[in-house]
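Same chain, two partners: chain A is paired with chain B first, then with chain C.
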Partner chain A sequence: MEGYLDPLWCVVWFIVMAPFFIFGVIKLRQILRDHPDQKMMVALSGAFIFLISSLKLPSVTGSCSHPTGTGVAVVFYGVGVCAVLSTIVLIFQALLIAHGGFTTLGANCVSMGIIGPLVGLVFWKFLRKLNAGAFISMFVAAFFADLITYVVTALQMALNVMTSVNADFMAAFSNFFSVYAVTQIPLAVVEGLIFAMFAQYLVTARPDMFEIADRNSINPFARSE
Partner chain B sequence: MALSKNQIIYIAGFGAIAVLVIGTLAFVPGEFGGSDGSGGDAAENDYGYTPWTGDLFSIITGDPDYELPGEIESMLFAVQAAIGAIIIGFFIGMTYAKKKDE
Partner chain C sequence: MLNWSPLGKLFFVLVLLIIGLLCDSIVVPLITFTIGLALMAYSTNFRVPLILALAIAEAIVIMVLGSGMISIMGDPNVPALFEGKFLWITIHMTDASFQKAWVIFFRAIAGVTLMLSFATSTPIPHLAHALRSIKCPVEICELIVLIYRYSFLLLERFLVMIDAAQCRLGYNGTVNAIRTYGGAMAGTFIFSMELAEKSEASLACRNYQGYFPIFHTPSPFSWKWLAAGLGLCIVLYLINIYTMGWIDMVSVFAPLLGW
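Moving on, here comes the complex of A and B:
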């Protein structure tokens, strides 16, 4: 939310976001130039973030939250491209719905577009190495990409109140964790199921698509082949 | 007519999502306000944190308490969802047409 992070933290999170975003733009340009046949898949990755992150779902804590929708983007194109696509959606929301915000854009991109999806991608690669199916691998990847996004948000908020009003970090983190991350658990399950069903659809309709995911690297700064 | 493996997965998947969402609404007490708002409230009420700026609309209108009407916000979220859904629908339709041609 706009104004809820001190200017210092706004700058810090923008600095953290910058290299991922810049390499993401470079990688995206390279993909669109060298593999024009993948334009549709890139658009689809962004479309899932647009669609899923717009949903407001109820949770067992008695409040509502948004899933993130970054599972397909990170599994197929990696963290950099996921950061770029997430930023487009975050700007759309900040500009038209006043949701999220411009001052907190860096922090939101780091949680939703970088760290959450990175953890999801690590799980995807690990499970695929163990020869797990696309359904279960995508479920776990999307689940953790969603959940860790909100764990990072709780961390960002806790760091902010620690430095601005001298709050105890662990107490603040536990407080924000219960507000954000615990609420997110059932939503992450729903998001995992949606992406797992889509992965199952791709297994039968477009199995060739998984070659893109297999070539994708966990390293956000690796060039695409 | 026997269901295919994929059809069973889709029915079970959407069924599980429906049970989770409807079950939560039916059995969990609460107002189901936004957790993003609750996080902001926690920062203000529990730690005395004061936001140093308002959102874009409060700056434009000059009213620090201005909030986008709920109906308009819902409409804009629906527009966002529609943009995504159109592209996903186009991909699925294109894949179906390609398979039919083969």
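Moving on, here comes the complex of A and C:
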């Protein structure tokens, strides 16, 4: 939420977010220049993240739990584009549904748009290399993208209270994460299952989309696919 | 407020949010909250839509819980106002953590009113237009508008599919419910993709060049906004210095909680 992070952490998380966002914009421009037909698909992926991540549940941590919906975008377009889409979505959430904020945008983008999806993408690539099906790969990717988002959020909150009120870091992290876990682990499982079903349907209806997904690089700073 | 400069409003809101973060006096977030509320009332004539009111109410619940969580994580080396254990959570509430939690709560409330005052007075195409004027990449500006438009498209489709599944008893049991949601999401996505392709063709027929024109162009950013924002920033910072320690929440709650 707006106002939760100290100025120091607002700046730190914006600095962490900046290179991913800038390379994401470059990658996005490249995709839209080379494949203009992908524009609608990218916008729909963003709208999808907005829709899914707006289903929030209060979680006793100064934040809230919700599915992240980033699994699909990261698998199709990579971490950079996912960071850009997540930033746009997070701005909409802050403005339209009082969820998140401008000063916490960097921290929210790092957890929901960069690190969570990056871990999800690593699992997706690994499982696809092992010839796992889209169902299993998407389940694991979406599960970890969601769960790691909240591990990072708990870490961010713990670092913040450590510097602002001199709290013990480990105690704060375990408190924040254990409270998140109550809502987030079941949510991550459900999100994984739903996205796995989603992938299964897409394999039947639009198999061409997974060709794009399998060409993606894990490296968010890769210039070409 | 609709015709006010979108960039000016954004600058003003950001300045107030940042100065709120830099100040430790509770008086400053209370002032920014009042400004946000006044602007929101002005832009909506105090007719806040029910769904927005519910979103604000939910945000307040989250803020109360979050501030409470911060208040119980005080410095373990400082004597506690209150300590104990609740389930697995160690509670160590100190004077500083209690005061900090209140400052954060008021900052969060102020942030919500300020952001909603901006949101209720600025259509998304105005925001995209303003971002283009400061040389934001055109692809990003276009995506902002497209994501906003497609969110409604997706939501409408999704709700129709959820209702249709309800009619077919699609939520009978957990596995069925998850399968139904998965199907509805994939169906929504695929259907919306087809609709988006059609909409792209229709936009192309209307000479769409990646930009949605605005017929009532809002005012551009001017030095008045800069002066107002920076002036208020300085005033609030001086108020912060002058009112530091005026409101001590520990003293306020001490008679009630027996501290």
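Throughout what follows, the second predicted complex is superposed on the first by the 212 of 225 C-alpha atoms of A that agree within 3 Å, B and C clash if a C-alpha of one lies under 4 Å from a C-alpha of the other, contacts with A are read in each partner's own complex, and residues count from 1 in each chain.
Criterion: a residue touches a chain if its C-beta (ideal position, glycine included) is under 8 Å from a C-beta of that chain, and two chains touch if they have at least 3 such contacts.
Quick caveat, the model's predicted, so the values are computed rather than measured.
> After the match on chain A, would you call chain B and chain C a fit or a clash?
clash
> Taking the superposition as given, does A:85 touch the first partner, chain B, the second, chain C, both, or neither?
A:85 sits against chain C, while chain B stays out of touch.
> For A:170, using the defined touch cut-off, is the partner it touches chain B, chain C, both, or neither? Pick first, second, both or neither.
neither
> Now for A:42: first (chain B), second (chain C), both, or neither, which partner does it touch?
A:42 sits against chain C, while chain B stays out of touch.
> Once the structures are superposed on A, label A:28 by its partner contacts, choosing first (chain B), second (chain C), both or neither.
Touch status of A:28: second partner only.
> Answer with first, second, both or neither: which of chain B and chain C does A:11 touch in the superposed model?
Neither partner.
> After superposing on chain A, which of these stretches of chain C ends up overlapping chain B: 9-17, 81-89 or 99-107?
The answer is stretch 99-107.
> Where on chain A do the contacts with chain B and the contacts with chain C coincide?
Comparing the two interfaces on chain A, one with chain B and one with chain C, the shared residues are 1-4, 6-7, 40, 43-44, 46-48, 50-51, 56, 58-64, 89, 92, 94-99, 101-103, 161, 164-165, 167, 172, 175-176, 179, 190, 193-194, 196-197, 200-201, 205-206.
> Residue numbers of chain A touching chain C in their complex, please.
Those residues of chain A that touch chain C are 1-7, 10, 25, 28-29, 32, 39-44, 46-48, 50-51, 56, 58-64, 84-85, 88-89, 91-92, 94-99, 101-103, 161, 164-168, 171-172, 174-176, 178-179, 190, 193-198, 200-202, 205-206.
> Which bits of chain A are touching chain B when the two form their complex?
Against chain B, chain A makes touches at 1-4, 6-7, 40, 43-44, 46-66, 69, 89, 92-99, 101-103, 135, 153-154, 157, 160-161, 164-165, 167, 172, 175-176, 179-180, 183-184, 186, 189-190, 193-194, 196-197, 200-201, 204-206.
> Tell me, which parts of chain C touch chain A in their complex?
Within the complex, chain C contacts chain A at residues 13-14, 17-18, 20-22, 29, 55-56, 58-59, 61-63, 65-70, 73-78, 88-90, 94, 96-97, 100, 104, 106-108, 110-112, 115-116, 118-119, 137, 139-140, 142-144, 146-151, 153-155, 158, 178-179, 181-183, 185-187, 189-190, 192-193, 196-197, 199-200.
> Given the complex with chain A, which residues does chain B contribute to the contact?
6, 9-10, 13-14, 16-17, 20-21, 24-25, 28-40, 42-43, 46-49, 51-58, 68, 73, 76-81, 83-88, 91-92, 94-96, 99
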